[in-house]
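Shared between the two complexes below is subunit A, which pairs with subunit B and subunit C, respectively.
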Partner chain A sequence: MRRRLLLFLTLAACAGFTVALAAAVLHAAGAALPSALPEQLAASLGSSGVEHPVTAVLLNFRNYDTLLEIGVLVIAGMVGISLASTSSLEDPALRSSDSLLYALQRWFVPLMLLLALYLLWAGADRPGGAFQAGAVLAATGVLMRLGGLPMEFVRPGVLLRLGLVLGFAVFLLVAVAGALAGEAFLAYPPGMAGGLILTIEIVLTLSIGMILLALFVAAPVSDEHEPEEGAGP
Partner chain B sequence: MNWWLDGLLIVALLVTAVAMLVSRDLFRAVVMFMAFGLLMAVAWVRLQAPDIALAEVAIGAGLSGVLLLDAVSHFQRGQRRQQPPEGK
Partner chain C sequence: MNQWLMAGLLFTPLAWAALSLLLDFRQGRWLSWLGMLIQALVSLGLWVAVASNGGFYYALAGWEAPLGIALRVDGLAVTFVLLTAAVATACGLHAGVYLDPSKSWQRYFWPLFWFLWAGLNGVWLGADLFNLYVSLELISLSAVGLVALGGEAAALRAALRYLFAVLLGSLVYLLGVALLYGQFGTLSLTGIAAVVGADEPAAAMALLLMLAGLALKTALFPLHGWLPPAHGVAKSPVSALLSGLVVKASFYIAARLWLELGDRLGSHTLAQGIGALGAGAVIWGSWLAFRQPHLKQVVAYSSVAQIGYLFLLFPLTFAVAEPVSRLAQQGITLQVVSHALAKSAMFLAAGNLILSVRSKRVDALGGVSHYLPFSLFSFGLAGVSLMSLPPTGGFAAKWLLLQASLASGQWWWVVVLLLGGVLAAAYVFRIYRATFLEDRASDDFYHPPRSLEAIPMLLALLALGLGLVAEPVLSVLALPFEVAAEVAADVAVQP
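Moving on to the complex of A and B:
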């Protein structure tokens, strides 16, 4: 009886919250835009170096946020790797050797690499960009790993560490170089914005793909060391 | 036509979300999560946010789903090892 009352109260609270949220959203959607941001963006799009407004905001006007996001991802990747209890991240015993998957890979892996490249390139003037391309790259790596292709490069060696920090390092280098050259921190020199954004996006794609892949590959801890919760003798 | 499509999308989103939450089978919950991610991407496209839709498909439905599937398989392997063979 008491449990049922508690359940009813919880459901009522959830329903009330949903109704309040819907009312707030509808109210906000009806109001006029509080600022002239779209007009400002359209006016300054020509100086940003790219044609797609979302990419312009992410990698030029508000690139400080993107820099911090990459920093967070790098830290997450480092923590993920350091939590892995196996010495080699690429453990042959953890692969599933599915012959169907292995055969499908010959079709999928080149296509997915091409898709990642397209997404990276398309980011300049239409939806796409470094994050999406990096995610596709990481998914390709996951597929390769599940199908049993050897991947020497995800060993926790110099190459992996370099790959993890490459995007963040290049981004930071560009930012500091801009500051040293007399511009503001993270401001691109005039006329070089397009090329710099493309360079940053390429290294970001590599790094994001590697971080996500490292998180996936480092995730399985070997069962012997894993303390199951509530499973004591 | 558009209202009909949007209404169907909302209903499908709610159904997959509830099915994901109440499912006792973890594998089924993960599959529901991935279906929810794909439907959510369609919803983002309908809201004219194709950038977010791409990120949702790649990260939300794809990578997170694979990570969760991996976690489920490890979880079940650990459970099977602890239970005696006649337990299941």
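Moving on to the complex of A and C:
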């Protein structure tokens, strides 16, 4: 009886919240102030180095947000591989040797890599870009992994860590190079925005793919633990 | 000059995070010492720059708000940047000695530490609601990673609970940001504050959501359940970082939102309600701290109590005279600074005590007063600041808050302030009592290195001395903001 009452109260609270939120959204939409942002965006798009407004916002106008978001991804990948107690697919018994799977992979993997490349390139003038391409790249890796292909580079080692941080590091170097050249932190030198954005997108794709893949496969097998404080020697 | 300082301030932690990921723990320690030095110098330089020329907006990537992201560098922000440099440096130095370099996972400590620092600087300087969200994420995820680092089931469980709590808080905050962006078409806090009116139910709902999310992330009573396990199970230098700095970041955003928008979107009930929750945190947190069997849990619940005081900002600045509001703001700022210093000192000292008696229980501390008087003394000095006895920073903060309460006719907060001090004395003296009992059969104590003992002492002395230098510290907060008028004119151009 008490549980049902609790359930009812929770549902009522959720419904009340939804109604209040819907009312707020409707009101906000009705009372929305005319914003100068679209005109400013259109006016500055020409000098942003890319044609697609979303890419321009992500990698030029608000690239500080993107830089920090990549940092968040690096943290996630890093924490993933630092959790020593997770079991992994390293067990040879789990390795598949299905010839049908291999045959399928020979078709799929090149196609998916091509798709990732296309998505990366498309980001300049239509929806696409490093995040989408990186996700496809990671999915390719997951497929290869599930098919039992050995992938030495995702073992936790300096190569993996280098891959995790590569995109972030290049982005950061470009950011500080702008500051050294006398512009603001993260500003691209005039005329070089397009090329720099493409460079950043390429390395970001690699790193994002690597991070997502690492979260999937790279957790090392280890039974060691950090003893809790005060738990004795 | 400012250009260089800002680039240094933003670039160093991020670059150090990337570099230290490629090194192992010992190499990372060398690198981090250099990084801490640079950060300290840059923070000091920025402080001097703001103190002599006033605050300024810094447009990142050369794009002015609202199209780009602007950072707001004012007296309050540089005070916190400097505080972060002090506390994080102390915790980093302590961690370099305290953590075991032979464990393979400790190499991830430095990258997480530097990402955390980058996120904190991002929050202090943030003036863009979405950018603040990203900085909060950076802080939350690296804090969760630090709690979980190589831990056993208990640490993982606490880290996961922590992750869920902070993610929920972030998402609720983001919902509020989305509502505000939908209505006002800008993410700049100054821009929104310039156009928001008094009767805006949607914006009021957005403010409520953002405050709720941030209260969860700050562990305001009764949403504090995730804090003691996470802060208690983490390694001591990590606990010190979490209690000293991390919870302050979400409070800082809540306070900035309230001071910019609260006068129009807030209400008397909301302000008094948040104040009541803060008062509840002071009483209930202190009582639970008094009851905990484990030393670090005592310190963690004490954080819950001390965070409660911060939320008195809301009733003490709502619909009161300008000088009273300023008193309250100064009091809360001093409370943040003195709690950050005292609590990190306390956690580091507690770590030393635990290391020495090889048990985390309070009743195992018997006799440690003979063997580790220095660490125990640091713990006590930090405790004096929490009890807010003169001349500590805690006392100066309480004194200002008392004046603000009386001047605004809200005498009931005075009761909370006084009772909180008495309860703090109770849980600190309980630890002291345990250390002087001589009922321990063996005298098998481990003596931690001198450097581990010196760092909490320095922090505790800073907390103690803060009361004596409160006036110069507060004068930095009141520094003029140079381009405020210019930006207001900018915003006014928009309809």
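The working rule: the second predicted complex is superposed on the first by the 197 of 233 C-alpha atoms of A that agree within 3 Å, B and C clash if a C-alpha of one lies under 4 Å from a C-alpha of the other, contacts with A are read in each partner's own complex, and residues count from 1 in each chain.
Quick note on the criterion: a residue touches a chain if its C-beta (ideal position, glycine included) is under 8 Å from a C-beta of that chain, and two chains touch if they have at least 3 such contacts.
All values derive from a computational prediction rather than experimental measurement.
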{"item": "First, second, both or neither for A:Ala15, with subunit B first and subunit C second", "value": "neither"}
{"item": "Touched partner set for A:Ala29, first subunit B, second subunit C, both or neither", "value": "second"}
{"item": "Touching partner for A:Val54 - first (subunit B), second (subunit C), both, neither", "value": "first"}
{"item": "Touched partner set for A:Leu119, first subunit B, second subunit C, both or neither", "value": "first"}
{"item": "Partner chain in contact with A:Ser82 - subunit B first, subunit C second, else both or neither", "value": "second"}
{"item": "Superposed model, subunit A: greater residue contact from subunit B or subunit C", "value": "C"}
{"item": "Subunit B versus subunit C as contact partner of A:Ala169, first or second or both or neither", "value": "second"}
{"item": "Partner chain in contact with A:Leu212 - subunit B first, subunit C second, else both or neither", "value": "first"}
{"item": "Those residues of subunit A which subunit B touches in one complex and subunit C touches in the other", "value": "226, 228, 231"}
{"item": "Residue ranges of subunit B touching subunit A (in the complex, touch as defined)", "value": "50-51, 53-55, 58-59, 62-63, 66-67, 70-71, 74, 77-78, 81-82"}
{"item": "Complex interface listing, subunit A residues touching subunit C", "value": "20-21, 23-25, 27-29, 31-37, 40-41, 44, 60-65, 67-69, 71-72, 74-76, 78-79, 82-85, 158, 161-162, 164-165, 168-169, 172, 175-176, 178-180, 182-188, 222, 224-233"}
{"item": "List of subunit A residues in touch with subunit B within their complex", "value": "54, 119, 127-129, 131-132, 135-136, 138-139, 142, 212, 215-216, 219-220, 223, 226, 228, 231"}
{"item": "Residues of subunit C touching subunit A in the complex", "value": "3-4, 6-7, 10-11, 14-15, 17-18, 21-22, 58-63, 66-69, 100, 103-105, 108, 111-112, 115, 118-119, 122, 130-131, 134-135, 137-138, 141-142, 144-145, 148-152, 154-156, 175, 179, 182-186, 195, 200-203, 205-206, 233, 235-236, 295-296, 351, 354-355, 357-361, 364, 493-495"}
